[in-house]
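The structure appears right after this line, and notes come after that.
Should a chain be cited, it is by its letter among A, B, C and D, assigned in written order, with residues numbered from 1 in that chain.
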Amino acid sequence: MVNKTVASLQAAVADVPDGATIMIGGFGVAGQPSALIDALIAQGARNLTVINNNAGNGERGLAALLKARRVRKMVCSFPRQADSFVFDALYRAGEVELEVVPQGNLAERIRAAGAGIGAFFTPTGHGTLLAEGKETRLIAGRPHVLEYPLTADFALIKAHRGDRLGNLVYRKAARNFGPVMATAAACTVAQVDEVVDVGALDPEAVVTPGIFVHRVVVA
Amino acid sequence: MKRLTREQLAARVARDIPEGAYVNLGIGMPTLVANYLPRDREIFLHSENGILGMGPAPAPGEEDPDLINAGKQPVTLLPGGSFFHHADSFAMMRGGHLDICVLGAFEVSVSGDLANWHTGAADAIPAVGGAMDLAIGAKQVLVMMEHLTRAGESKIVERCRYPLTAVACVDRIYTDLAVIDVTPVGLRVREMVDGLTFAELQRVTRAALVPPPQDMCA
Amino acid sequence: MVNKTVASLQAAVADVPDGATIMIGGFGVAGQPSALIDALIAQGARNLTVINNNAGNGERGLAALLKARRVRKMVCSFPRQADSFVFDALYRAGEVELEVVPQGNLAERIRAAGAGIGAFFTPTGHGTLLAEGKETRLIAGRPHVLEYPLTADFALIKAHRGDRLGNLVYRKAARNFGPVMATAAACTVAQVDEVVDVGALDPEAVVTPGIFVHRVVVA
Amino acid sequence: MKRLTREQLAARVARDIPEGAYVNLGIGMPTLVANYLPRDREIFLHSENGILGMGPAPAPGEEDPDLINAGKQPVTLLPGGSFFHHADSFAMMRGGHLDICVLGAFEVSVSGDLANWHTGAADAIPAVGGAMDLAIGAKQVLVMMEHLTRAGESKIVERCRYPLTAVACVDRIYTDLAVIDVTPVGLRVREMVDGLTFAELQRVTRAALVPPPQDMCA
């Protein structure tokens, strides 16, 4: 019998190596898998590249991972927030690298990785600093920029309910990056509020089918 | 010089949003527009974090940390609303499905270039969010801003000095002094606040304006 | 009050012009909007380009549209089936043009149109007849083919339930091409089994949000 | 020459599919594999028309026209299954998420080129379906076919004469005579039907084969 649930948060992130690239779900704190992040801090992996929409809020979750100096580079769309003081200080001290990506390119590049797209042309960013040095092309009279997929070694996401096959449903706007990140990482770990029996999730309403999920842990 | 307050400006923008429109209101001043949408029109607010049919702030104590807007403030969902993931949400924006987005700006140029994400200052931490996607994706891009900076400089310019958000994307500019269309023949003034003359508006605007029809006849 | 429901099938397709490009949902007959197709036959538009996974089954639905000689060109992945005799005869007689597209490219090109992607690189089809003459590129050591979006003037799709705002849910595997086609056409018309009150569809389980749908008709 | 029946061949392929695998079975002979999956293993069948966790054919009278497989035959959904749209379904295939696909073939070449969609005949109506996407996308591409055509010609060839489905995509070939791996050093025979010698297999195969380990020592 297939069983993707793991007994502990510790086990869920035990094999994250130093230098890994990690997608972390969430938009601000909504959908951020804080328990998995705490487990990752305890686990100790260093020199990480983290892909998230933001760069941490307050001192918990992603901010705590940054504060623990585990992150070499942030890839995100919106690092600067009212309460992103941990990142701000590290960035100004030159202790963390930053790649700013337009939010739609971030989502689409992650999706592209999951969908086997080698690269895509998008109008977003054309003529701006964020497209400098990138290949451009006029398509149907409109300038486009070529963007490449974003993959990761691990995706840490938060969902509402899951089953032992890895099927997931989310809660309201906490869905955000979870479903696309789940498709783009070699190992997807989902923190869920509750594990339900197989068959309890409506097959019409499953958002992330189990094929994309490798570990499910309750937190 | 008489100026619209932020609230009056929000109400002015809201007046132009038609029944049935799918609308994204940018972070900051544009968010105020939601408070002035005509109650007799059904308008659908999109939030880039995966919400269509976003409603107003919840009553105190009813906040749900999983139900926030792009500015990360608690919101509600109206009946008929829906949730979706980020790639689908941005497909709505980038695929040309939103009728209108309302964005704040540092500067708008004569040709509709928009600068609203980065001051370009050496110590500024760049943060773009969904601004570039909205600017290239919405059918109509409306900018809402004060006409002048705090230092009294025109935010409407011949050429943006700040880093661009998108090239030639703005359709209309709403300021506390005027409503101005970006057209192939230049910045055409549609309205001015009561008592303001075209000459006065032009004087405080660091780009050539095209007068409104009635002024052309004057 | 917004009301996207229309009173009749006739009204739902009244403005389809000659020469239009029309996406028609369905995989075989599952998800095929037969009532809308019948209305289109009655409406009389000619010289159509039709995008569908197949090229008609038996003598009804899409096959009937073909039989009525309204289709100039079929864009599909799998025209040849046990019961595709109407298309087969027209094709062999040189009376209908055929563009065969790998099924994944068909779905992804339609999605690209809806998502504002100018073009994308995919490994699918590389080195085959279906990529002849197309731009290719080696990305990460793997050969890719450049594919362009597929748009349409109208999408005719079938869903299970809809509301007056155009929100849709589908039924089982009849979902297939409906959700992507809904995003890619200038005017999307959905044939539904039932119109429900606004708010009756679970916001977590809406598959096609109303923004993509212009007309809803019960059939 | 002793040969596996279609059913025996399906059972042989099924034996190699491990617990937990996500598998797409192509139209035609590969569909038979579903009947022989070991009952003690949990295996997830994907159907390109938007189903994961596909179950067997329904009881007579229980058919649902909205629940069909890629071959348009009625199927069922197992508990834990799900439905999704076509772009998501092909993202599973193209994005490398399926562990195994089993495809029929007209021809397979020494380098793993696959021809299975088009005879290339002048009057043939080309129809590709999802074959090209499966061939480039699945982690392991297994081909299942008769070793010889009805005319007695080898379907394993130096170079495909039929139009290709994909280049260098096949990992393993299951025929009614043998199981053969496509490797960088050539077509390595893993198994042969009882009583068949390597020399006999090579004689009916129009491409050089590498003998199985035990033959190498013989």
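Just so it is clear, a contact is a pair of C-beta atoms (placed from the backbone, for glycine too) under 8 Å apart; a residue touches a chain by one contact, two chains touch by 3 or more.
Please read all numbers here as calculations on a predicted model, not as lab measurements.
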(request) List every chain that touches both chain B and chain C. (result) A
(message) A-D versus C-D: which interface comes out with more C-beta contact pairs?
(response) C-D
(message) Report the inter-centroid distance (CA atoms only) between chain A and chain D in whole Å.
(response) 35
(message) Can you work out the whole-Å distance between the CA centroids of chain A and chain B?
(response) 29
(request) Find the geometric centre of each of chain B and chain D from their Cα atoms only, then give the gap between the two centres in Å, rounded to an integer. (result) 55
(message) Touching at least two other chains at once: which residues of chain A meet that condition?
(response) 108, 111, 115-117, 122-123, 170-172, 204, 207
(request) Would you please write down the residue numbers of chain B that are in contact with two or more other chains? (result) 77, 83-84, 87, 90, 93-94, 136-137
(message) If I apply the definition of touch given earlier, which pairs of chains qualify?
(response) A-B, A-C, A-D, B-C, C-D
(message) Residue numbers of chain C touching chain D in their complex, please.
(response) 27-31, 53, 77-81, 87-88, 91-92, 98, 100-108, 110-111, 122-130, 143, 170-180, 207
(request) Using the touch rule from the top, collect the residues of chain C that touch chain B in their complex. (result) 1-2, 111, 113-117, 163, 165, 167, 183, 198-199, 201, 203-204, 206, 209-212
(message) Using the touch definition from the top, list the residues of chain D that touch chain A in their complex.
(response) 19-20, 22, 42, 44, 46, 52-53, 77, 79-84, 87, 90-98, 136-137
(request) Under the touch definition given earlier, write down the residues of chain A that touch chain C in their complex. (result) 108, 112, 115-123, 137, 139-140, 142, 144, 148, 169-172, 202, 204-205, 207
(message) Could you list, by residue number, the parts of chain D that touch chain C in their complex?
(response) 47-51, 64-68, 72, 77, 83-87, 89-90, 93-94, 118, 123, 125-133, 136-137, 163-167
